[in-house]
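Shared between the two complexes below is chain A, which has chain B as its partner in the first and chain C in the second.
Presenting the complex of A and B:
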């Protein structure tokens, strides 16, 4: 061994790093304030003047003529049938757009404002950073359940990421309580009132699931499950540090297995609740997996990035190029996994071309503003990690990993942006000071919480029964 | 002895992998070039000890994959876009998303088959090829170090001395007809 490995290592949250995080926070606040001021004054907002705010994009007749159609003669195209079908359906069933716009007008929302944009940004960051935290815990649990030895040396990093969960729970709950009417169309009472002109039979039919009480109950229960398991796993892992022995490992494996089962259900339902219900008419059966894939690959990127940075700061000498290689493989593989789910969702909707499903992609592909982001998303999250991390050398050198991890983290933030913004902001979404500012604020806060959590435990679980295996990991 | 028509080897046989690893270091530092080592089971670190260059199989895999992608896309675009255009599900004649699954499958298929083919050729396992079996005990209990006389400047007697000094259990000669 070239470097002596210190098993009994503790992380010291240096004042230099605190300063950096503080500066990031201040820049974020300044940018956010700038974004809000510009929003209030109406500067820099994205407008598509050619588009009537409420109508054309959501008009299903027009929509079904947009991108997924043939250029062949119309009478031969099955499209004409679809159009008639919609037109017939439209009157009673309130096609999404007109129903939405009417309801928005009726419930005194004159259209998305800078405030809605702020809320939607909070929501995106809540989703993204909650995902990092919970997928960090998922990472730890899956290592125990799979009895993995190679990762024993740096298990504390994903565990520390999960300590963001309590903060995430508060932020998510508060954002929802303040902004639910702006973010979630289904929260408007008039949609469920048969006598109201805004009555929406489709949304009313979902009332058993999509109602405020049940929704909040689910949110609280999910966070409660995640936080409880986080504390259980952390507690056992800390006890193992003190007493040693293999009994803690067996307990941890048991907790992890239970958590994985609960997580499989809760993560999927959380994705329906927190993301899919932004478009209450729209549904996609693999959406839960799609969101999970985004969370999971972002968490892998974050773990890799923190491990690499800690190593460069002189910690974690237990991690060598072989561990980095495996982390790189994880990042490579799960970038492809995300793409696979992304494409599975896209292809089925594209092929079937049912208006109530394809509206999701029509909103994102026919808008001049969202369609470039749509392709940038694919480039950042698939092509870039795929091509850069393909070779063995790239996975073993920290500089490549640092670049790819940063790109993938931003890419998946953008993925959530693309899920949330068109649903909330319609055609008035934008990317400016407000977005960048809030990302910086959240990233700084996340970094602060994770790093201070790392100081509170040994950096290396020194009595982990598989520590030797991890030290001699060689591929 | 018909030198031009045979490949002559000296074989060092070892009955222990630690002994073998030490022997590899000793033999290489004495200036003898080892062609190949055959062992009944994988030995950690033997690639580095033998100073092997990294396999170029990944590059072949990438190129075969690229070939598969190109073939699949060309085939589908030509067939459905030009040779026999058909409206399917009201889509464009050349509708890329619909072509992706086939493209993916052909990329994987041609990548995998190409790698197997490369491996077969490199390992001399091609049809009608005669694989060189140095000693059948290399699949049982012995590690066989094969040293090709053609690529070594040392005389056979000197090589034998080096092998003996590295505690080889047996030292044999082996010739293959070309």
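Presenting the complex of A and C:
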């Protein structure tokens, strides 16, 4: 064998890597600061938000100036140009556009400002990096439940990714507590008050589910479940390293099965809560699975990327070209799976053309700013991995995997950007220093947490009963 | 180098040698077709087929009016049965293609029969849309994009029903080729063992002159992998497009975005149940307990838990989002399902599909042959009701209360369904008698790494 496998190897978080992550962090902070300063001064945004922000109609006016190239099926009131979410609900009581911005304006907030944009960026990164962490744990669990042997050698990478979960929980909760009124239109009390001019019967009808207490309770419970199972799975894994034997494997399989059941329910509900309710009138039954697919592909890309980089740094010699090939297949196949769900949701809404559903795509397709991103999303997450990873060789060579994983990771970040930004920022979304800066900050923090977690465990689960299968993995 | 971890269950028990594999499976093909149990099974199937043929005859002769469909409920048992049969077929493709891609060695003992089931189930499914055209002999002109000079109208490419034609015909072709290619080496084995000249000639022709050379095996494996790669998107596409038949409409209860993946999961769910029903009988009658072991049954039961739970999550999602949407019609569609005149069908569906498979969480139940057999049938009943609930309860009360109606099947609805059962079991029993029910060649390939001398829980 070319490289000897060190079964007892431990990862050493080198000062070189720490320095790199530190520099990324600093660049991120600088860019973010630049973005904020520009935001405060009103520079570099693709719409002039400074125009009469106090006037509730300012964004409606703005929107009416946007040329609609496609005549959507949804009613557009000529005086506002804003598509109404509730067009098909047959309710004439509230003819105003029910976007966050308009309602925010009506309920004491100004329209989307740089601060809203900052919050929305925090939210996007919270969603994306929480996804990486929880889908990492999902990876581990599915390996045990499916009795997969080939992946035993690098199982510690996805496990380490899940150590971001506690951080993610705090970030998510804090962001929500600070920014809920800016991010979530449904959090405004006036919408539920029948005497208020802002009363919204549709949102009021959802009060049983969309209310602060129940929402926060769900958030806390979901994170609690995920973190508990992360600790349980890690604890048994660590014990297995010390004591050996097959009994831990059976315990882990049991925990994994229970986690998977809880995850099946919690991941869908989390997607409704954290993403779908940003557009509080809109609904799609597939949405939970769509978000899951996005998380899952991102996690596969992150695992592959970390494995490849560790291997290049001289670790994980247990991983050979066959493992990379299989990881590449996973990335390839689940990119197609994500596309399948994307297409199913899009086609059915497009085809049936029911206004309260199609509004979601109309907002994203008729905007000059979002529609290119809409297609870039498809290119990065479907065409690119599909074409590049088509051949056997591409899946077996680190360079292709590194490129595709990076592209796919950014692609899925962009997917979340496209889910969140039009809902929060309406037509005022942008991509600039603030976005790049915050991505770098989160990525660097995620890197620190995951890599430090890796130093605290054996890199190879040396007593895993399927380790021999993994070592001799050959396809 | 093939290594099996100590925690893996053996795939073949009883210390079988390669010779034993050939003998245990070929002997059923070689025995004369005079086994009384087989003759009885064929007689029952042919009787069902004969009764059903009468119903088909009356339907074609007198018209679709023989069915219970009415102007409100234009689709009922016909499409229910169509979707049910197509769904059953999915397990075969999942076992042969998806499990091959995931290198699940346990598929080798069950893939042959499951693929056969796929093909027969698709044939049964096709009877319904063809009969529903009213003039089956003309349907060929209507479903394909043929020029108007052939006496037909140009097809509507916007219609998911046309996509069905393409999806299912492709799926059927690929499944058939996949199944047949897998059969070739086994036919050659039977040809080589054949004593009579007729058997030798027939199995010789069927085996396409298979030599068993190294190069031939290499090509066999490449072709299998390519076909598996083709069949995997197909298995998703077929039920996805079947779900589009409903979901592209604007009927509450039909139009919902979760349909495509949820239909696929449901199809695999019902398909595995049918594989279990058939395999438990075959295993017992042919004494194949060392090949289709308890761990095979357990793994199939676990797939039933998973897919059943996915379907359960989808039901609850639909129900929740109907409420959450705030759309009155959506809300009513689901309220009507759960509490309206067809509530009995809805709760049958819920019990059979969501609650009953959860029993498999108990190891005792999922390793019990009797319990597995009963539950596999319950799941199939549940999945039939799922399609009935989706189709009939959504149609019978839609936007216009003045058009609300009820559906009751006629004896001919039942008869045509019986016809497909007769057809399915006739084909399956013919297969089980004259074709090797287990893929001998592939079982031999896992024998070395995954065999045990123990005879575990017969």
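As a working rule, the second predicted complex is superposed on the first by the 421 of 475 C-alpha atoms of A that agree within 3 Å, B and C clash if a C-alpha of one lies under 4 Å from a C-alpha of the other, contacts with A are read in each partner's own complex, and residues count from 1 in each chain.
In this section, a residue touches a chain if its C-beta (ideal position, glycine included) is under 8 Å from a C-beta of that chain, and two chains touch if they have at least 3 such contacts.
Bear in mind that the values here come from a model prediction, so they are computed numbers and not experimental data.
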According to the stated criteria, A:32 is in contact with first (chain B), second (chain C), both, or neither; which is it?
neither
Identify the partner contact of A:390: answer first if only chain B is touched, second if only chain C is, both if each is, neither if none is.
first
Check whether chain B or chain C contacts more residues of chain A in the superposed model.
C
Who does A:466 touch here: chain B (first), chain C (second), both, or neither?
second
Would you sort A:401 into first (chain B), second (chain C), both or neither based on which partner it touches?
neither
Touching A:474, do we find chain B (first), chain C (second), both, or neither?
both
Applying the document's definition of touch, where does A:351 land relative to chain B and chain C: first, second, both, or neither?
both
Do any residues of chain A touch both chain B and chain C, and if so, which are they?
347, 351, 474
Given the complex with chain A, which residues does chain C contribute to the contact?
1, 3-8, 103, 233, 236, 240, 244, 247-250, 255-261, 309-310, 313-314, 317-318, 321, 324-327
Residues on chain A engaged by chain C in the complex (per definition of touch)
88-89, 147, 149, 201-202, 205-206, 209, 246, 249-250, 261, 264-265, 268, 272, 281, 283-289, 336, 340-341, 344-345, 347-349, 351-352, 354, 356, 465-466, 468-469, 472, 474-475
Chain B partner, complex, touching residues on chain A are 68-72, 76-79, 343, 346-347, 350-351, 353, 390-392, 474
Touching residues on chain B, where the partner in the complex is chain A:
44-45, 54, 58, 62, 87, 89-93, 97-98, 100-101
